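Consider the two complexes below, in which chain A is the common component and chain B and chain C are the respective partners.
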Partner chain A sequence: MASSNISLGMIAFLLRKLFYGFFVLVLVIILISSVIYLAPVDPARLTFGQRSDAKTVEAKREKLGLDQPLYVQLGSYLNDLSPLSKIKIADEQELPYEYLSLLTFSESKMVLKWPYLRESFQTGRSVSAVLREAIPKTIILAFSAIGIAMLIGIPLGVMASLKPNSLFDNSAVVLSVIGFSVPSYVSAMILALVFGYLLHDYTGLETQGAIFDLDDLGDERYFWKNLILPAIALGIRPVAIITQLTRSAMLDVLSQDFIRTAKAKGLSKFKVVFKHALRNAMNPVTTAISGWFASLLAGAFFVENVFRFNGLGQLTVNAMLTYDIPVVLGAVLFTASIFVLINILVDVLYAYLDPRVTVS
Partner chain B sequence: MDQLLEVKNLSTFFETEEGTVKAVNDVSFNINRGETIGIVGESGSGKSVTALSIMRLVQEPPGKIKHGEINYFSKGQNPVDLLKLTEDQIRKYRGNAIGMIFQEPMTSLNPVFRCGNQVLEAVELHMDLSKEQSKQRVIDLFAKVQLPDPERIYRSYPHELSGGQKQRVMIAMAMSCNPDLLIADEPTTALDVTVQKSIIELMDALKKETGTAVMFITHDLGVISEIADRVIVMYKGKIVEQGPLKAIFENPQHPYTKSLLACRPPLDYRLRKLPIVSDFMAISKDENGELLLTEKDQNAQELIDKFKITEKETTERYEKLIHQEPLLKVDSLKTWFPATKNFFGKPLTYVKAVDDISFEVYPGETLGLVGESGCGKTTLGRTILRLTQAQSGKVWYKGQNLLTLSDKEMRALRKEIQIIFQDPYSSLNPRITIGNAIKEPMTVHGILNSDQERKAKVNDLLNTVGLSDSHYDRYPHEFSGGQRQRVCIARALALNPSFIICDESVSALDVSVQAQVLNLLIDLREKFNLTYIFISHDLSVVKFMSDRMIVMNKGKIEEMGKTDDIYNSPSKSYTQKLIDAIPK
Partner chain C sequence: MSLNMDKHNQFLNFVFFTLLLCAFACNPQDSNREKVKVLHYNQHRGISSLDPAFARSQANIWAIDHLYNGLVQLDEQLNVKPAIAKSWSISPNGKDYTFTLNSNVYFHKNVCFEDSIGRKVTAKDFVYSFNRVIDKEVSSPGSWIFNGKVDSVQPFQAINDTTFVLKLLEPFRPMLGILTMQYCSVVPKEAIEFYGKTFRANPVGTGAFKFKKWLENQSMFLIKNDNYFEKLNGEQLPFLDGVRISFIGDRKTAYLELMNSKLDLISGLESSYVNELLTEDGELQPSQAKHLQFLKSPYLNTEYLGINMEFKEETSALKLKKVRQALNFGFDRAQMQAALRNNVGKPANKGFIPRGLPAHNFSEVKGFNYDPNKALGLLSEAGYPNGKGLPEIKLLTNKDYLDLCTFITRQWEDIGIKSKIELVESATLRSMMRKSQAPFFRGSWIADYPDGESFLTVFYGGNPAPPNYTHFKNATFDQLYEEALKENNDSIRYTKYNQMDKILIEEAPVIFLFYDETAVFATKNISGLSKNAINLLSLKAVRKD
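Moving on to the complex of A and B:
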């Protein structure tokens, strides 16, 4: 009985969170669109550059719907985005996406389709395709960076907590403060300089490059070693924070009564620390890791830029600089969805880590 | 007698910023196989540190076992000095030959593992059994400690069990590998008296069945009398007296033992105030800083006779009280908490913490509110103060309904109605000096004209509650539990309240300290003409304090009336259960 209640509560919880998440996404779209709309820049002009004639720009503006008021632009964007949308039969031939007709009215149709993110103002490529290229790189980079951070930070924090105020503990604390204080682009440049340039002969690493690219024959090629330096550069700050949080959470847990109980059972120190203490200490660490992870998935512009990694961060900032609205909206939507999803995931993870937490 | 453990000249010291604390100072005693030895003393007497020293679980640093021997006599083998063993060797004894139960069942089990697995761990570690046998053994153990539905408890997490059930799981864990010695460090202090009784009965039964020796540590001599064969009384790190139970109870030699016996609230008669430790002995320090205890020429019985109140006096006081206009009138008060909610967060069912309660409180009286944890007594107190939102009902105070006052009007009234909480450790902000903690509410309510006057008043209050001016600039951590509770009382008094709710205000205190605080509360009641609602799970304390009492159960009033009448002839079986649970 109890278990079925839990899963029902869990489903209701997930539904409610997704429901809220949906609103978050809509709000994000409204906010970004309004800001771009209000900015004193003309994206249509930007696509042609300085020496375009007014007529061409005007035509482009009309084509992109930029001459319409904000709410019309918004409505049409949301309509494109929604899987369930209304299209004009007159436009049917020009639509750049495939769809499934559900209902047909006199002048319009109700159709089912994948969310359509439109095309880049700058390159005319579909935004989905642009994102599909950048996102995997960023995801791999984010996983590597956070993986490094966890593999180093958690054991380091645990070891520091076992001998508080020892030389090891103090060094760990000082190093993590330094690690946290250095901006990632500074460490990125130092790493690139030292290991990609000065020590290039020994390391074989490059100062710049993405992890996959098309070679001259148009085939995809992977350059996994290009992951190493950016991942380390991005991992340094989370290592610092994870070390600190693990240490303080462990110090707290190690003084708890149930640790004494575990010792009184005759358990070995290893079991007491890693089985009984660590899992109790994971809650604050999980919060930190998930937060960092989510923001890493949004793309790390500075580090990506230093290493010319061509990930989501670089894509987003470049799109912002050229007022490539569909790309910006697409990237921000992806990021916002990631945050919503990770938040839900973390809530579920809490419940797994600590049975006292119930999701409801 | 078959010797099991010999503690010889054990000294365990703690290095602190204020210097060396001799927590255990040259202590020697024996434990024989199968006997129950009770170790009694107040907090800081070194009784827990003695137990932890035997298990070699003293936190190091700051603690260190300085010298001594702890010889363990295994059957048919030479004695082993536990203090000379390596860490790996002593682990073979922990949880195996010596099991241990701790004071706080709430925090002594790991919250993230199932109860069954936590006990299983000990069984798998020390016993050579197959996986199925081990699991079966744990379930059998759960049945043995009388847990309902052992299979379910096996799968439960600690937070899904009650405090008493958790302590039973702890007992099962400690007993899981058939230990020769079970160390129980205040195993019932954090529990309701009714639960305490059942736990003690269980331990007694297990001891008789298995022949395990028990070292039972407590601050309460009453509890000891129910279970121990022999008693050791500790005070400030030293053993002041030890002997058979009967001898200690009937013919105590040391003044500290005498005071411990006398300071429990009596059940058969009423006292004006309780005898306290300082009635029996004076504590000073000699030139080396060692404690010097000097016995005062005080006969316990004479003192008690002096404090006795006759039945006539009690009745007169009672009649006088109830013929007044009530100060507080609670009228069908309900406090419900949402238990389940639907998808949109609308409550579907409720936990009825306070369910349709009505009573009156007369000026100058103490109304006792007694019941087990979860009966709603704390919620009732909080609802009256509007610290918890009421569902419906009225609380009339001096003709005003507190529940319908605006926040501003209520704030003005708050200074008249104060509350003293249970836990003196968490109800004081550790970063605020106690002087400022007492002064703050006066500043907030604009009492007195200048800071100087307020400061003078704080010093006045500190003296009233038995502290001194010199404590003004000190921080809470420098005080003992009893002293902190005095600070909380002084803070409550700072606003010249006429009405104080004491919510389990002495439950976290040792019996000897409890007596001092209860005396203080009574003195203050007479001095400032205060009215109390005194909330406690311990009927003996409520009986000592209150003129009338309410017995609460599951959010409702079981019984209400004159304290002595209810105690002498309870009309409900629930009340009888509470009375039976008081250790005699």
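Moving on to the complex of A and C:
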């Protein structure tokens, strides 16, 4: 194990990474906003039905700030997002959020606040509330998927490494590659159809459903069984990576001197494999898994939509179809932040675990 | 292997199987299902708001109808009948509508009221509710129902607790029909003041069902209102104990849920399951007859291909009337309905007003039928024999109607007309239609209220887009339209409607496709479902065995 060396250099490294990450987020916002702005659709009109009169639509556009040029809309949105922002004293009463005044000028104030993500165009609910409901579900899904992937992948990889180039080893590798190659929505649909519909009477599983729902009497309940198929569907792809990594890491470790020593000492095969070899083989696997966690969010979008899982993925797709810009931007911002943070975490983890990596 | 290994293994096995058992065994709710009568249906488009001022989509309308009432409502024959108003009269000049209200209608119990008791509905509540619809602050998408039609000074008045007066600027015969819309539901001032922005998810009405819970994009639950004011043959309504609405966006999945008896009712057809449920002739498959029932009825929805009559492009094949007529004669509507829609929906062989308005006799209106020879003749007269020299036509549609458009354009090829289909996202297409950027587009128009005027308004020259997406302007048509609005005698009014339809057929600003029909599939233990052309799912008289 590398020695814990949380030096000043490490902290500076971390700060630099955070700073760059922040820039990435700002760029993402600008890019997505511009693309949406250039789209030939009027989100205000979409909040109306088949008929409307022009005046009410125009009033709605003004209310949503959609009649302003792009740079004004962007500036306003970034101001809302930023914890440190400027507000006009004239608008103070109408602001839907709480803030702490820092500096006061003649017509404006500098305030400190939580990032304000605005409200959904379609429903008027605050985007933060909407995200707060959806995100935990996706996180549970992602963790379960990784859990399942590890539950299948690590034993598979260990067993494959114990009998290298055998039939078992080769089949395990081939199967895992097939699993990796199948797109997540394809595996999701196959699982849903086979286990949720065709074999429904045996499995008791559904083709769709969320983990938190109303039961037949209208009371809220947890339906954990609805997590099973989506988690498997999402976990199939990481299984391949984890199997391969575990296998090669184990092969690497098993050939090392200290293993021969342990075997010579007369330790049981079980102890050798699990207590000594695996623990050391887990380093690269752990870092790979944390890297995979972010990619799982992308796969979750597909899986959630197939299973109607009601997490971040389904929320974003629905918002995109109705041009519900604040929700889309909020969801994209959150996803981008996760990617950025995970990347920083992995970088730091590498630097921490491997003394060969310097943090200059 | 050593003893340690066995114990280790055994423990792991035990844990694993226990977890597995728990996952599959936890199903206590099945026993409760039998005791309460709850109707489960699916709303694949999702509900955006339970506020009547936002009753803009069918999904919202259905849910709001369960929770709220208005002055009047429609019966199965689309006649206006009493709801909260027990009687009404219209002044001789046609501008004042006086309603006498029932005095036994109460709002649902809710914390927004004093002592949480739902108080009695008065005429003042209607003044408040209707003013809300035209209030600029509220930005209701339903403001068009009153804007420009009601008196600008005092449109709504409460003479006393049980007398409500609506004042119009000019007589407008369809006004009563408009008042049956869910935008005109009565809401209590206390609820809006108490809930503010969250009123959309905390409805307080007078309806047969009360609000219980809503998990957004997930499911909604409504329970029976024990204090509901309406009765059927002396029996207190509603009969159901509750209503559960799911928001499964994928209609194939909803169909599977219906097959699994997790849903009691689904509405509408989709290509993925239509052949599982219906025969080619549009009857219920015999294999499904044991489990399901199928209700089909005319739906006040006309499907069409719209032509932007502004003709912004220099060369447009559609500029000439004879070409447009030829297009209308050039494809087989009956075959299209049979092949692609299992005969759900009737060929549009009349005008723009569809079937389903019982009062409207349009037997004298003769529209288009399939006549390729006539089509070729018209093309020749227009100067394009066999379509030679005719520029290519580009048709915009979303993916739901790709099969229809493909069918039509293929048949047009047989008479020499070349066309191309361009797929656009629904939201984008609507936007293009509104901004006059869609020269030739697939559209549909649903009646907002049961009167032919609701369809003819789509072509009135004084209207913008929407509803006049074709920018049709015809002086005779406009004159007839304005006269019809003021006409008190129904049969004279319907005659004018027929004349207007004939103008539309002659000028052909659209390609008439078909008149839609509603398709509802429900399990056999559901009874009391009514068929109505406005496609409103009214649940108050529905029973579940």
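One rule holds in what follows: the second predicted complex is superposed on the first by the 289 of 360 C-alpha atoms of A that agree within 3 Å, B and C clash if a C-alpha of one lies under 4 Å from a C-alpha of the other, contacts with A are read in each partner's own complex, and residues count from 1 in each chain.
Definition applied: a residue touches a chain if its C-beta (ideal position, glycine included) is under 8 Å from a C-beta of that chain, and two chains touch if they have at least 3 such contacts.
If you're wondering where the values come from, they're calculated on a predicted model, not measured in any experiment.
In the superposition on chain A, A:R260 makes contact with chain B only, not with chain C.
Counting residues of chain A touched by each partner, chain B versus chain C, the larger count belongs to C.
Judged by the touch definition given at the top, the superposed model places A:R16 against chain B, while chain C stays out of reach.
Of the two partner chains, chain B and chain C are each touched by A:S268. By the document's definition of touching, neither partner reaches A:L81: not chain B, not chain C.
Contact with neither chain B nor chain C is seen for A:L141 once the two complexes are overlaid on the shared chain. Once the two complexes are overlaid on the shared chain, A:D216 sits against chain C while remaining clear of chain B.
Shared-chain residue A:I228: touches chain C; no touch with chain B.
Using the contact criterion defined above for the overlaid structures, shared-chain residue A:K60 touches chain C, although it does not reach chain B. Residue overlap on chain A between its contacts with chain B in one complex and with chain C in the other: 268. Chain B contributes residues 55, 57, 87, 91-96, 99-100, 102, 104, 107-113, 121-122, 125-126, 157, 159, 170, 173-174, 341, 343 to its touches with chain A in the complex. Those residues of chain A that touch chain C in the shared complex are 39-42, 45-56, 59-60, 63, 122-125, 130, 133, 197, 200, 203-204, 206-208, 210, 212-221, 224-225, 228, 268, 270, 308, 310, 314-315, 318, 321-323. Contact residues of chain C toward chain A in the complex are 1-2, 4-5, 23-24, 26-27, 29, 32-33, 36, 38, 40, 46, 48-49, 56-57, 136, 139-144, 147-148, 197, 200-201, 212-213, 215-223, 242, 244, 248-250, 253, 256-257, 260, 262, 425-428, 430-432, 434-435, 437, 445-446, 448, 464, 466-467. Within the complex formed with chain B, the residues of chain A that make contact are 12, 16, 256-258, 260-269, 276, 279-280, 353-356, 360.
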